[in-house]
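Next up, some structures in structure tokens.
Look at the two complexes coming up: subunit A is in both, with subunit B in one and subunit C in the other.
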Partner chain A sequence: MDFESFRAEVKRVVSGDKVIESRGELMLYSYDASPAESAIPRMVIQPETTNEVSEVIKLANEYLIPIVPSSGRTSLHGGPIPYNGAVVLDLMRMNKVLEVNLEDSYVHVEVGVRLDELNAELARHGHFFPPDPASSTAATVGGSLANGAGGMRGAKYGTVKDWVLGAEVVLPTGEPVFMGCRTLKCRAGYDLLSLVIGSEGTLGVITNAYLKIWPLPEAIVRLRVYFRDVVDAARAVGMIKARGFRPLIVEFLDRGTMEAVSGYVKEFTYPRDSEAMLIIDLDGPPEAMKRYIDSMVNILKGAGGYEIEWTGDKDEMDRIYMARRAAYPALLRLFSGMRVMPEDISVPPSRLPEAVKGIGSIASKYGLKIVTWGHVGDGNLHPNIIYNPNDQSSVSKLYSVSRELGLMAINLGGTVSSEHGIGVLKKDLLTSELEVKGIAQLRLMKAIKRVFDPNNILNPGKVIDID
Partner chain B sequence: MDFESFRAEVKRVVSGDKVIESRGELMLYSYDASPAESAIPRMVIQPETTNEVSEVIKLANEYLIPIVPSSGRTSLHGGPIPYNGAVVLDLMRMNKVLEVNLEDSYVHVEVGVRLDELNAELARHGHFFPPDPASSTAATVGGSLANGAGGMRGAKYGTVKDWVLGAEVVLPTGEPVFMGCRTLKCRAGYDLLSLVIGSEGTLGVITNAYLKIWPLPEAIVRLRVYFRDVVDAARAVGMIKARGFRPLIVEFLDRGTMEAVSGYVKEFTYPRDSEAMLIIDLDGPPEAMKRYIDSMVNILKGAGGYEIEWTGDKDEMDRIYMARRAAYPALLRLFSGMRVMPEDISVPPSRLPEAVKGIGSIASKYGLKIVTWGHVGDGNLHPNIIYNPNDQSSVSKLYSVSRELGLMAINLGGTVSSEHGIGVLKKDLLTSELEVKGIAQLRLMKAIKRVFDPNNILNPGKVIDID
Partner chain C sequence: MINDQVKLLVEKYSLTRCARCNFCESVCPTYAATRRRIHGPRGRIWLIIYLSQGIDVNSDEYDGLLSCLNCRACNQVCPAGIEIAEAIHDAKALLVRNALK
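Moving on to the complex of A and B:
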């Protein structure tokens, strides 16, 4: 690996203002939003076209320089951290919405566009792109596709893999290809597109994509309900689904979350005897909302819910949602000097009661505070582990707690990572999950990585180790 | 390859009544529903458990015997035909619905269950599995997953890949693994499940699956409309989508289809000046249907539609749909002695006007009759080519027409196969599509096949040739 020659060649294929080498600026690419160890890249390249991405990757493949694709850097598991002198490929300059096509129900977009910007543009046309990770103000289309992002609307609308029709992908050899189609029905051989989605930039670099879009809901009504027993709240989720509801969102907040928020936002109060809260958005045509609400209120009462409130007023809806929006900053404030590691397990919704009990047991066992919220419509829980980054014993407990939460999810028929990805922090847990599901799959994944990337230059060491 | 030893070993791992060797019965496995050349298998094995499938495949891998998975045999491109002395693995005995779980919104089902049986069971619980290939009375869960089946509801609900959460898959080495999850959110490493879905049994044999289920529509209203110009009908589809409608179905029938049906079903009449017909199902809560219908009627009138009729009455709906249901048998009757090859292209809906014109030009060029219907909500057209199987020139024109239709779809930004698969008949067209989209993908697909199936024992020669 002759870095100086690579460096000179890169400057021949992209103009000098697209190459960053100052230490101060490189530092900005040394971490993501996770507790994973940071690492400073050797160089950052900011291509503007697929052709530039292709040329740079060809060079990297020739000179055997590791390349780490990067955009919003909101990853929560270390995916975009440039270890071992890697070069970062920053895709944020590829930030154009190329085409909104309502007749064909897609938007063609470059990967550097942020999700909120995309949805602002689509809203002007009465449409939206459903996946909505909490970081959507900063998260990009590219990062979301690479990470298999989900969000609150996942129980109704799935994750990004359900919303991408086709994409331009630069392979680790530098070859640009178009994977998938521009239609929903697409049988173009083996589904390579789905393999690249969620591969965290280890199999190819997506430069632009055709995303499926959907008409905005005609009306939304938001309900809020409290429960005296956290298990009742968890059980309510299964009852809602069994009755044929597919709410736009079902957000769960445990008592710890409510406590934190009430100390942070003075307008927020909650009944002293409540152990959990659900926020439920129902969507549909306005003519049907009254009936939907009545039916939902009945289900919630039957599940032990109380102080049920509902509204279709935008400001009132924002007020209810404040509890959820303020949760993360509230935690940071309440536990100042500490850090928060947001975990990301899923279990089938019917197993949520066991999962919330299990989280409590694990917190007690290790003496670390865990505050839990989640997108429970699909059984997705975010147990937030509070730890002291300056206390080695606290950090070591953090990793034990994270591991036990993952093992619990596996035991309950769930998964260790729902929407945050594997990165570097969850590789061991992924192996544990595959040991239960069939470890032959790990062999196949390693072989697939070698097929795509024989020189292991694209985001090496992420998702899986190829040995 | 020592077939006698394989045969003896098979009879040790599955009981004798699960092995078919009589020529009469073997004949039934020699063809599918396509014009592809038939071939008689050397043996048919009917396993009842994943373990039996695993044992048989282990033996096949050891003795290098080609194995062709099979179920409903409704394939339209030769996928399940056992060439070169292959053994058929008939999965129809694995026909149990294992679990309907409403709380977790899935059904766990063995692959031999037919789609209509599955939906009859789900309907008892107020739910359904949306993919609905035309052959759903005979087509199975396994065949649908292996073929990436779609159907009429595809424009709203996508294809099987959007409806499978996880599956038990026996790898070509005989190892059983569980791919995917039981939740929508699932980040268990690279998405091997999506790779196996649509791989036509070349990468693994699915034995049971967790399928996502959805609440039945609260109400459905069916509209029927005629157009004097086929291009207007095609254009209406884009207008419907652009206005934010996602109809449950949008079926297109050209004049040739209406002519055939009117000769077959005497109750069916159509205006003499109409060149095309659309059947549109709108679904939603009953309270909103009137408004939806009014809006849809306005769109259709604006697009040049006339004699618009709509109904929510079950019998009336069946009457309207009769035109579509009777289309295939009507063709067979009208052109007796001839055969019908149902093609399966998709184009982005905005390109439908060009596609329907193009089909007319191709039919004229070769002098073969083409009668077209399709699930046009997603741009999926089925141009049905009428040919004489006993006339070599007609058969040779059939393949030329099929090829030109595929190339036209590629030129219009579409795809050569939407829901019928590649099998043996579309391998060349797949290559043509990948030449446009990036031929490096074919290299990757071949390498992936070798990774999964190093001995090339699983449905060899289908989808792609590995050289």
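Moving on to the complex of A and C:
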């Protein structure tokens, strides 16, 4: 590994102002939003074109320099952290919406565009890109495709993998290729694009993508309901689905979340005997709404829901949603000196009651506070673990709790990561999940990594270890 | 000397509460103009923290702090409620005073 020659060659293919080498600025690339150990890169390169990405990666492959793609750096599992003296490829300068094509129902976009920026542009055309991670103000198209991101609208619209038609990808050997198609249907051999989506920057660097877009819903009605028992709230989700409803969102907030929000937002109140709250958005044609609401209210009452409120008025909808929007800030502000680790597991919706109970038992076993909310329409729970970063025993409990939550999800037929990814923090849990589902898959994954990246230079040590 | 003063500033604004969510960077006009993280609020906050830990900043990073417009857009979106603009403003004052000495 001859770094001096690599550096000289890099400066031949990209101009000097796109190469960062000063220590303070490099340190800004040493972390993401997770508790994973930080590491300072040797260099940061900010390419502006696919060609520059390709030239830089060719050099990294030739000089065997590990290289880590990086975008919003909002990851929660250490995916963009440059371990072992890696170089960071910062893709935030590739930030143009290239084409909105309503006839062919796609948007062609560079990867450094943030999801909220993309949706602001699409809204001007009456359309949207449905995957909506809670970090959408800061999360980019590239980071979201690489992380396989999803969000509240997942129950109805799935995650990013369901919304990408094709993408320009620079392989770890430096060749740029176009994977997938621009068309909705695509059977061009093996589906390599699906391998790259969710690969967390280990199989290729995405530089631009053709994303499917959807017309904005004609009308949305928001319902809010409380439950005296979390298990009833979880059961309600199953009943909603069994009755054929596919709500736009079904957000679950446990009592801990409501308590935290009421401590932070004075106007927020909730019935003292309630243990859980659901916020449900129904979308559809305006004339069908009354009928939808009537059946939904019936289902919710049948499941033990009370104080049911619904509205189609924008301000009122915002007021109801405040409980969810304020949840993360409430945790950050109320538990001073502590940190919040948003965990991410999924179980089949029918197993939500057991999962919610299980989270309670794990919290008491380790004596750490866990506040849970989640996009429960698709069985996705975010148990937020509150820990003290300056207390070693609290940090080690954090990892034990994280592990037990993952193992519980596996036991209930779920998965250890729904949308945040594996990074470095969940590699062990991934192995545990594959042990149940067939460990031979780990061998296949390692082989796939070697085929894509024979020199193991692209984001090495993330998702899986190859040796 | 300057490190001690920066340390006080980090404590005053509890900067280490930063959850590194990066929500602030997306509303920052100076980051939008240059796409360099030293010109964004998350970067500036962490440069101040690094300064307090005795890590030197070079002239580019120094400019990164000085170029903050104090528009406070970042404060509005910070889920941790950090007074980002005020912290950067105080850090700028410290740096300039120190340079004049």
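The rule we apply is simple: the second predicted complex is superposed on the first by the 467 of 467 C-alpha atoms of A that agree within 3 Å, B and C clash if a C-alpha of one lies under 4 Å from a C-alpha of the other, contacts with A are read in each partner's own complex, and residues count from 1 in each chain.
Here, a residue touches a chain if its C-beta (ideal position, glycine included) is under 8 Å from a C-beta of that chain, and two chains touch if they have at least 3 such contacts.
Predicted, not measured: the structure shown is a model, and the values here were computed from it.
Chemist: Touching A:214, do we find subunit B (first), subunit C (second), both, or neither?
Modeler: first
Chemist: Once the shared chain is lined up, is A:33 touching subunit B (first), subunit C (second), both, or neither of them?
Modeler: second
Chemist: Return first, second, both or neither, reflecting whether A:95 touches subunit B, subunit C, both chains, or no partner chain.
Modeler: After superposing on A, A:95 lies in contact with subunit C but is clear of subunit B.
Chemist: Can you tell me whether subunit B or subunit C touches more residues on subunit A?
Modeler: B
Chemist: Scan A:287 for contacts with subunit B and subunit C and give back first, second, both or neither.
Modeler: After superposing on A, A:287 lies in contact with subunit B but is clear of subunit C.
Chemist: Would you check which partner chain A:195 touches, where first means subunit B only, second means subunit C only, and both and neither mean what they say?
Modeler: Only subunit B is touched by A:195; subunit C is not.
Chemist: Identify the partner contact of A:339: answer first if only subunit B is touched, second if only subunit C is, both if each is, neither if none is.
Modeler: second
Chemist: List the residues of subunit A that touch subunit B in one complex and subunit C in the other.
Modeler: The answer is that subunit A has no such residue.
Chemist: Going by the contact rule set out above, which residues of subunit A touch subunit C in the complex?
Modeler: Interface residues on subunit A, with respect to subunit C: 20, 22-25, 27-29, 31-33, 46, 72-74, 92-93, 95, 114, 116-117, 135, 137-138, 328-329, 332-333, 336, 339-340.
Chemist: Touching subunit A in the complex: which residues of subunit B?
Modeler: The touching residues are 101-106, 126-127, 148, 150, 154-155, 158-159, 161-162, 171, 173, 175-179, 181-192, 194-195, 197-199, 203, 214-216, 218, 237-239, 241-242, 244-246, 284-288, 291-292, 346-350, 378-380, 413-422, 430, 433-434, 436-438, 440-442, 444-445, 447-449, 451-452, 463-464.
Chemist: Over in the complex, which subunit C residues touch subunit A? Could you list them?
Modeler: Against subunit A, subunit C makes touches at 14, 17, 19-23, 25-27, 35-38, 42-43, 46-47, 50, 55-58, 60-61, 64, 77, 79-81.
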